[in-house]
């Protein structure tokens, strides 16, 4: 009896059960924590993602266990009833918000409430740059098809190029939930690496003169325009691309709450507490999907490679369209701001600002880059809606 | 192949699918947004309601889609298991909080934590005015029966006269969920229109002398009384009308948390973040129940008409009882404060204050009107409980 | 007809239905409210617990009603579907967070974000005192077995001695959910009574000289140590005791969010809004499990007795081990700080501080007592994991 | 009770309900009136702790402001722009409790 | 649409989608441009209430600070460390609304 | 393990568990002790950014306060009653980031 208990106890430790793959995943999670904490790369999402990964790859802990529910005949009434035989782990329940597509729109609501579309309204032509930068999504989609991913998988991989975390999560949770781990981690990692990925591409595609272009100051935008804008965008884009409704609609709902000025307490709660709570739950459970047994595979490597291509091509698309606009306006548009069209708000806009100032310290492009930047958020939501139209049926 | 894809895509837009009813609903939502944002009518609820209505009436967006769940035989174990074949839309999931009766009590919790029952405790006779003003509920109930609504439907329509949003939502979600859209919108719209609906009735029923009555200042209320009050009201009203327990109980729970002074951090969170999050979810999903195909009907028009009658009769009941109290106390009670008994906290109390000052600029009725005002919130919760007792079985 | 309605109405009041047991429970809830509000004993949990108890013992209110769900054949498609025939009460739905084991880890997350492990890192030997003080758990477990409780029940009763609310709730919800009411109430009541329970034991077991021992000031702890600590503890304790993962893991996750310094907004939300919302829901629903028909029984009395023994023995274990450490270090450790090993953060550390100052006004033991105190939180989480390993299969 | 009811039924229900609302609120009225007498004994005493708490907060703020001013090398008026919330919430609730205990010396 | 699609299909989908993204955003561009003309009429007027609100808040703060200073027997600079949030949130939102009404006298 | 267990079983379980608790915490003890040596190298450096951040915040507040004072026509002591939280949260986080970038000029 004694021996049995002690032996059973020793076998129950995780040291006996840990696999090589799990050790690799733990090391990856340490690496992500290092990047997030020490380097400051997107810590709000990388810290929860990395810790979720850590928790999910410690053997036997059961934090991600699924509940066991059975339909049985009630012995008394003889009717069929549903009965939970084993409860699930915490991360399983929190993950339902991802699986059911609840968290990503709530994050979008928060982003809407934190976004000032003023620069876009002041210079609406910049919205086209937010369209051009979605190029990376679709080229990568074709590439993924070529690498033998299925249609829905390829769409989910391509959307990494949108540089838009919640849109990627939303689409992926609908089309290819089994790839959520690698896609989410790729998307957020590359968003964090924007200051490293974008500059060489931007420099290679532009001339010194183009980068020196000074843009004229933006006009002030009235409160009325800012209030009508989200309503208008919701109606138009949902009518055109109905599947984009859940994303664009809530983004614009958040923005209306922000701009209408009469529900400030709602706006504050959305931007802060609601956003923070969802971020923690989302990040941790996304990280927890990256279990060794499914994460360590050839697909993951391909996804990480394709994701990088998607990001790079999005930048290319934006900058090239910026060059066209520069030509058409006879030098009034600095092509660099096209790079901000990939979204990754506000990092890519800051990259533009920095590069502009390197050429001419008096050149302030930040506000001009914010236009394509926030347009990119709309653009990738529309792109996600389109892919959902094709593959979500 | 090409033609097929393009054609399919064009057919997938919402422009092809939008109906005349949906266009009308969009216009109504714009109108509500205008009232909320420009006129400042109850914006905390009308902005989410209007935007929810907007989102739900854009065709095909799927934000309110129900999930498809099937019970199937597990191919391996041969046991029956429940399987989600299609996930629902965001607003469907958020709406569960209304359907399951979770949000309205939480809103009541927040209202309890925001309400100071001091004026009522200082002048307890004012509580009877909060009873008299429920007259509108029951007369409208009879009217709705006369108009061929069923019993549960009529009860849900009558409760509009309680001028108490969460009580109306709670009762309606239990008795007549198919009418939630028009009833919620009528209830909140009329609450917003209190400053327009009440004054003519108040003037018609009172003489200049009555309106000039100055009431003596309220005594200070001790902390002890404020702590015992919510406990006492919970016990008494739940014992008398058990179905009123969920509403009165949580209202008083919120109030105890507010008044006990030892859980300030809970009180703050209830009043702010919890209240705000629930308000957004509640408002948006309520608005989303107002879909063109069900909302545009004869019933809706009848409900809107009956709701207005309910509001008006509530005011009549309160003012008439105020006149009786004025007589009985030999002119110590200003009958105007009876109008505040309809609840609609704090708008109707402010209407009283304004009308009192119009007659005599030195007459401050606000605090005296707050007594019936908060009593009205209890009164309509009790009335809702009674109707639930009759029809909720 | 008239008589029928009036009669039915009178029978529907709670006065007709209230039982003697319910009256006793109401009186207990008043007593707890008095302790919480007037005496300030753990009000953040006792106020919600007491009010939940109040609401659940008012007859017929239906706040804790379970929903009735049936599996029926869809008349149109002929497939089996799940159908809600009656919705549950508010407290039933909120209670799911306890039943599914969601709230306790979230509370642990908040505690982790509020805890400074600095004193423990500065003086790591104090961690052993947090182990010794778990003695009460296991002796009480044996005692409960002797009193004919089953294994899982005994484990849930023993854990009261951990002086760690969420760990007790988590274990009990997994092993013996039918005892949640008395165990939760015993656990939180004794935690509130720490300043009364511990001092006589501490005095009886120590000499005046021992109590006068002055400990040398703690070294400052670097940010790096504070960041590595939670990661390290998570990995080690989850590998050793996998079932402790859900508790220790989230405690340390909260602490990492606190210490890493780059996600301050998440840290604030966890410590405040998330913690407060979960506390209200948890406390109220826990209180609501204490219904007269199940609560008033011999088991409850035994549990309350055993809980007190558990608490006392935990203190004994901590102080005795403190005496051993005092000997081994030749008088560098004040044995009183062992009493803080029961957790009950921060009350037991304060008790130590007070007793130390009574002997010598210049003796500041608070920071030294915080080490065993926070170690006790880890220790009881590990103990809970162990008991889950033995009985949770 | 059935779903379809007659006007007569609805009249009775309304009458019973209106009376019931009055009865419930009248009982509350009566009890609140009673409450006044019961509760009037020691009003002031219960109010006091709150004020004291506030004063303690004031002291705490003063101390923190002074400490901050010294450590940043600025005068107090420049510092006082920060809210209490911001300062205290950075520290743990427990640590804060400990700090307050230490400062005030009463346990 | 099936799960396994050919590269040709993917090319067509990409082309259609890219054009659709441009069309949607171009329409928004056009409408925003239109918006400027429609909305330009009375910009200033809509902005005003916000500033006014702020000033009212300022007044409210001044009043509260003064009241607090008097009641605690300290001078205002010592009090002003408290944030508005802390002060106003202690009171009920409704009570606050009432108080503001009373003070400003316009209903 | 079955539900009904004997006292002997419970004794063994208790002994094993108590030892296991000690082992786990002793390992943590050992590792924390090790941590001290590993982590002691560059303590100061890691602490620094926080202080810097705080100073930046101070500057930001000063700038905002000054701007506000000018625009409202009041002196700074009257303004400083507002908390940072209130001021900064009105603007978008992104806009704020942009503003700070602009002001400090280092990207």
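For this structure, a couple of remarks:
The chains carry the letters A, B, C, D, E and F, assigned in the order they are written, with residues numbered from 1 in each.
Everything below uses one rule, namely that a contact is a pair of C-beta atoms (placed from the backbone, for glycine too) under 8 Å apart; a residue touches a chain by one contact, two chains touch by 3 or more.
Just so it is clear, the model here is predicted, and its values are computed rather than measured.
Seen from the Cα centre of chain C, the chain whose own Cα centre is farthest off is E.
Relative to chain D, the chain whose mean Cα position lies farthest away is A. Inter-chain centre distance (chain A to chain D, centres taken as mean C-alpha positions): 41 Å. Distance between chain centres (mean CA atoms), chain C to chain F: 25 Å. If you average the Cα atoms of chain E and of chain F, the two centres end up 28 Å apart.
Each of residues 9, 13, 20, 77, 80, 82-83, 85 in chain E touches at least two other chains.
Under the contact definition stated at the top, the residues of chain B that touch 2 or more other chains are 5, 9, 71, 80, 82, 240-241, 261, 268, 272-273, 390. The touching residues of chain A, when paired with chain C in their complex, are 5, 9, 12-15, 17-18, 26, 30, 33, 36-37, 40, 43-44, 47-48, 51, 54-55, 58-63, 67, 71, 79-82, 87-90, 93-94, 272-273, 276-277, 279-280, 284. Considering their complex, residues 120-121, 124-125, 127-128, 130-132, 134-135, 138-139, 141-142, 145-146, 150-152, 154, 222-225, 228-229, 232-233, 236-237, 240-241, 244, 261, 375, 378-379, 382-383, 386-387, 390-391, 393 of chain B touch chain D.
By the touch criterion stated above, chain E contacts chain A in their complex at residues 1-7, 9-11, 13-15, 17-18, 20-29, 31-33, 35-36, 38-40, 42-43, 46-47, 49-50. In the complex of the two chains, the chain B residues touching chain C come out as 69-72, 80, 82, 99-102, 105-106, 174, 227, 231, 234-235, 238-243, 245-246, 249-250, 253, 256-257, 260-263, 265-266, 268-270, 273-274, 389-390.
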